[in-house]
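You will see chain A twice below: alongside chain B first, and alongside chain C after that.
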Partner chain A sequence: MSKVASIRNLQVRIPLQDRQTLAPVRGIDLDIDVGSTTCLVGESGSGKSMASMALLGLLPRTATATADSFNLVGRSFQSIDEKALASVRGKDIAMIFQEPMTSLNPVYTIGSQLEEVYLRHLDRDRRRARVRALELLERVGIGNAHARLSQYPHELSGGLRQRVMIAMALMCDPKLIIADEPTTALDVTTQLQVLELLREIQRDYGTSLLFITHDFGVVSHIADDVLVMYAGQIVESGPVATVLGDPAHPYTRALLDCVPIPHLRPRGSLLGSIPGVVPSLIGMPEHCSFSSRCSGARSLCVKHEAPQQYLDPSHWSRCHFQFPGNQAPLRT
Partner chain B sequence: MSLTRTFASILHIPRPISGAWNRAWQHKGLFFGAVFTIFFIAVALLAPYLSPYDPYAQSLVDRRIGPIWHMWAGDDARASWAHVFGTDKFGRDYLTRLLYGARISLFIGVTAAVISGIIGSTLGLLAGYFGGRVDACISFLIQFRLSIPVILIALAVVALFGSSLKIVILVIGLLVWDRFAVVVRSATMQIRSMEYISAAQAIGCSVPHILFREILPNAFPAIIVIATIEMANAILLEAALSFLGLGVPAPLPSWGLMISEAKVELFFAPWMIVIPGACLFLLVLAINLLGDGMRDFTAALRKT
Partner chain C sequence: MGTRMLLQTQDLSLTYGGTASQKKSTAAVASVNLDLRSGEVLGIVGESGCGKSSLAKLLLGLLAPSSGKILLNGRNYDELARGERARRMQPVFQDPYSSLNPRKTISQIVGLPLDVHAGLTKRERDIQVAEILTLVGLSSGYLQRLPSELSGGQRQRISIARALILKPQIVICDEPTSALDVSVQAQILNLLISLRKEFGLAYIFISHNLAIVEHIADRVAVMRSGHIVESGSVSDIFDRPSHPYTQSLLHAALSPKLGRPEPSA
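And now, the complex of A and B:
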């Protein structure tokens, strides 16, 4: 299968003043198949948003991104920064943001903001841009689309605004849409509608979707592949059914244990929680970064970083003890 | 209510949050400020139609005619409705000069506010958006500007280039941009953290586009408020400079110049100093009320 993104060893570094360096993303590999949905899951501070912003070249000014190889939408990039990625940003790769309340500029109409993207990248014909905007507003299920074009963002509800954002992302027929927690700020019924919409859109247009979330309910709903991210690394990767059904990494298991969704957990079990917090970005440990919070951590875990080990050709994880039978003495 | 609605739709003003027009109407400061400001603007624009006289035409036979209340009191046989506020020592109709003076004050106020607004807003946008070294440089520039006494600079400039309307406008416009810069800088810092700015970056907008098309319109409420206050400031500054003889040259009918020329006659014709003073007071008060009202009003809108 051809890939819309193939990235090896992506790293993001933010140098601090006192010669220290923050490393929010520490060598992740990212492969997104054409027309598939990849979910990047992780708690706050795990680096998932940083990784996605690196794909657009929109990191904070002080941060730098490097990678061994960086192939996006069929092109290979030597450097990963704002300038280099300007040619694909907005056209081949579109982004949907978390907050529909603030992601539209309040002083322009919905129509002019939609047309802007088209006029910027495709052609300068305002009439064709308007036709395209109208078509997409209808496609994302906004009734009375014609009247909506001349409305301002404050006249629309959160769910409608997120639909507008989806329409805006589709304006240039992108090959990849990055959605950074697009449903987090919506209420539950709207969440489901927006998820359904994204799934339909993705099926109809054959667009690939990189979906960033911390919600396993959302993951089970929309994903083809799942990447679980922890402390700047991907700790488990595989097809959604395998990762959710048979998680290999203790972090994935712990996360799944926190999900209050009935069909994902045994009846009558208590909701879990993970003690502690994500390790500080300064002074990230050399050994397994989850060892300080892992209930099954042993002496090996605080000595060495776990290698990437395949359980089957499509499913791997980074845990010393992911294979049953590979047991070492518990840490004392 | 329906009238304001109609106006709004004619002018294509975006439909405000419901009741906004109503509340604007009820804000007394905003109301009186707007009414008086519009009154002065109307007077300035319609001056040639409101008065049959030329503000520069001197007439030796009509010198020092008293105002209309001297006719009522029987003090001055020459006082009549022909010259409501009388004439000055050159026989020029005083009311006419006042009307034309509104033009000069407003013209200076608007142009100086526009010039300083453009300079200050640009600096503020750059400082707020880029931060870091750019911000440090521009903040230093603001501090530097604040340490310069405006009157002293004006004195030096007039001594070097002589006085003219153009020079007064430039001196004021090029010197009072600091408040714009400070306010726009902080507004920009707040706006640039909004997701629509990230969204604009994500669709591939250039930096000038983001600065001037995405951020600037959102900072506009703050800029308008500062602009009214700076306008009032510029008008006062012009009057002060003219009073000191550093402002617009005679025979332009500037209010400050009229006050300055009338000060020698303070004990014989006090109205000649009181009337332009009162006009200046009213205009500056009105513009300040308008600015304050708009500030309250935009803050209230933001809260809802």
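And now, the complex of A and C:
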């Protein structure tokens, strides 16, 4: 299958004071099939937002990103920065952020914000831009689209604003949409509508989705593939049914144990928990970064970095003891 | 589990607007009848704007009702002094970043309810503060720290310590884990579950997260547009929901599908 993204060894570094360096992304490989949905899951501080910002060339000014190869939307990039990615950002790669209130400009109308994207990337004709904006507002299920064009973001509900963000992302027919927690701020019924909408759009336009979330319910609902990120690395990667159904990495298993799941965990029982905290990503060890919190850690884990090992052709994980019979005990 | 009635609301309502300039009035809480018995967890679920946080503020006495009554141990709120209510009932809020004073030390924050209500010597006070910190899983090394030095989960533990230091009967938890990662959320829920067992606490647990409420609550009330549309035991609501709104909420809630996948052909 052809890929909309194929990236090897992506690294992001941010120099700090005292000659220290923060490494929020430490050598990740990313492959996204055309027309598929890949979910990137991980806790705050795992580096998932930094990794997605690197794909957009929107890292903080002091950060530098490098990769052995960086192929995105059919092009190969030599450098990964704001300038290099400006020609594809907003056009071939669009983004949808978590908070639709803060990611829409409060002093411009919905219409002018939608049209701006079109005018910037495709063609300078305002009339055609408006036609496209109307068409997409209707496509994302916003009634009375004509009137909405002259409204301001504060006049819309959270769910409507997120639909506007989706319409905006679609203005230039992108190949890849990066959605960073797009439904976290929404109510469950609205969340379901927005997820269904994204699925329909994917089906109709063949758009690929990189979906960043920490909600495993959302992952189950929308993902084809799952990447689990911890301390700047991807620790497990595979199809959603495999990663959630038969997780290989102790971090994935521990994280799933923390989630209250009706019918699976007795009501009122204690949930699983992961001792300790996410490492600070400064001066990371040369060994397994999860070893300090892993219930199955052995001496090998604090000596060497675990290699990326395949359990089957589509499923790999980074644990020294991931193979059956070799696994750390699963909490029950 | 005890059966003594702790908290009861009778036709509790809160209306915003309706003044000369704002002709239309909105009922944030409309004729709500709830009761909470000792040692019980009452979950309140609903979507944003349904009035669940307004209800929490009414119960805490932070807002005055437009009509209706709240009874604490059978006595009307109006008859009770503020301090009396505070000793029985304490809050834990959603945002551990904005609910702790950034300029006070942990010792000052956690000890404040004692300073206001208890009248202890400094030594007695300091002992109690250190004890309660241990109870929520933090060492006394944190006493002189500031909230900014703590993680979100640690801050929420501080909020819980502050809520428990007066040994209340009731804790009102308004979305206590919504700002936290799943692993930290699990730690805080576990802490609330354990503390409840140890001290026989009763919680009013407000959340938009249905799975969490199903996990922790004994009884559940479903709120919509200020009204309680359905209430019952946790299995009534989650296994046999009768109101269409409850059914639509449960339908929209996404639950992870775990368990080994079927081997593909």
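Some notes on this structure:
The rule is simple: the second predicted complex is superposed on the first by the 315 of 332 C-alpha atoms of A that agree within 3 Å, B and C clash if a C-alpha of one lies under 4 Å from a C-alpha of the other, contacts with A are read in each partner's own complex, and residues count from 1 in each chain.
Assume a residue touches a chain if its C-beta (ideal position, glycine included) is under 8 Å from a C-beta of that chain, and two chains touch if they have at least 3 such contacts.
Just so it is clear, the model here is predicted, and its values are computed rather than measured.
Shared-chain residue A:S220: touches chain C; no touch with chain B. Contacts of A:A94 after superposition: chain B is touched, whereas chain C is not reached.
By the document's definition of touching, neither partner reaches A:F77: not chain B, not chain C. In the superposed pair of complexes, A:I274 makes contact with chain C only, with no contact to chain B.
Shared-chain residue A:Y205: touches no atom of chain B or chain C.
When chain A is checked against chain B and against chain C, the one touching more of its residues turns out to be C. Of the residues of chain A, not a single one touches chain B in one of the two structures and chain C in the other.
Touching chain C in their complex are the following residues of chain A: 43-44, 158, 187-192, 195, 214-221, 241-242, 244-246, 254-262, 264-265, 267-274, 277. The part of chain A that touches chain B in the complex is made up of residues 56, 58, 61, 86, 89-91, 94-95, 97-99, 102-108, 116-117, 120-121, 152, 154-155, 165, 168.
The residues of chain B lying in touch with chain A in their complex are 14-15, 17, 132, 194-196, 198-205, 214, 217-218, 220.
Those residues of chain C that touch chain A in the complex are listed here as 47-48, 151-152, 181-187, 189-190, 193-194, 208, 210-212, 214-216, 234, 238, 248-249, 252-261.
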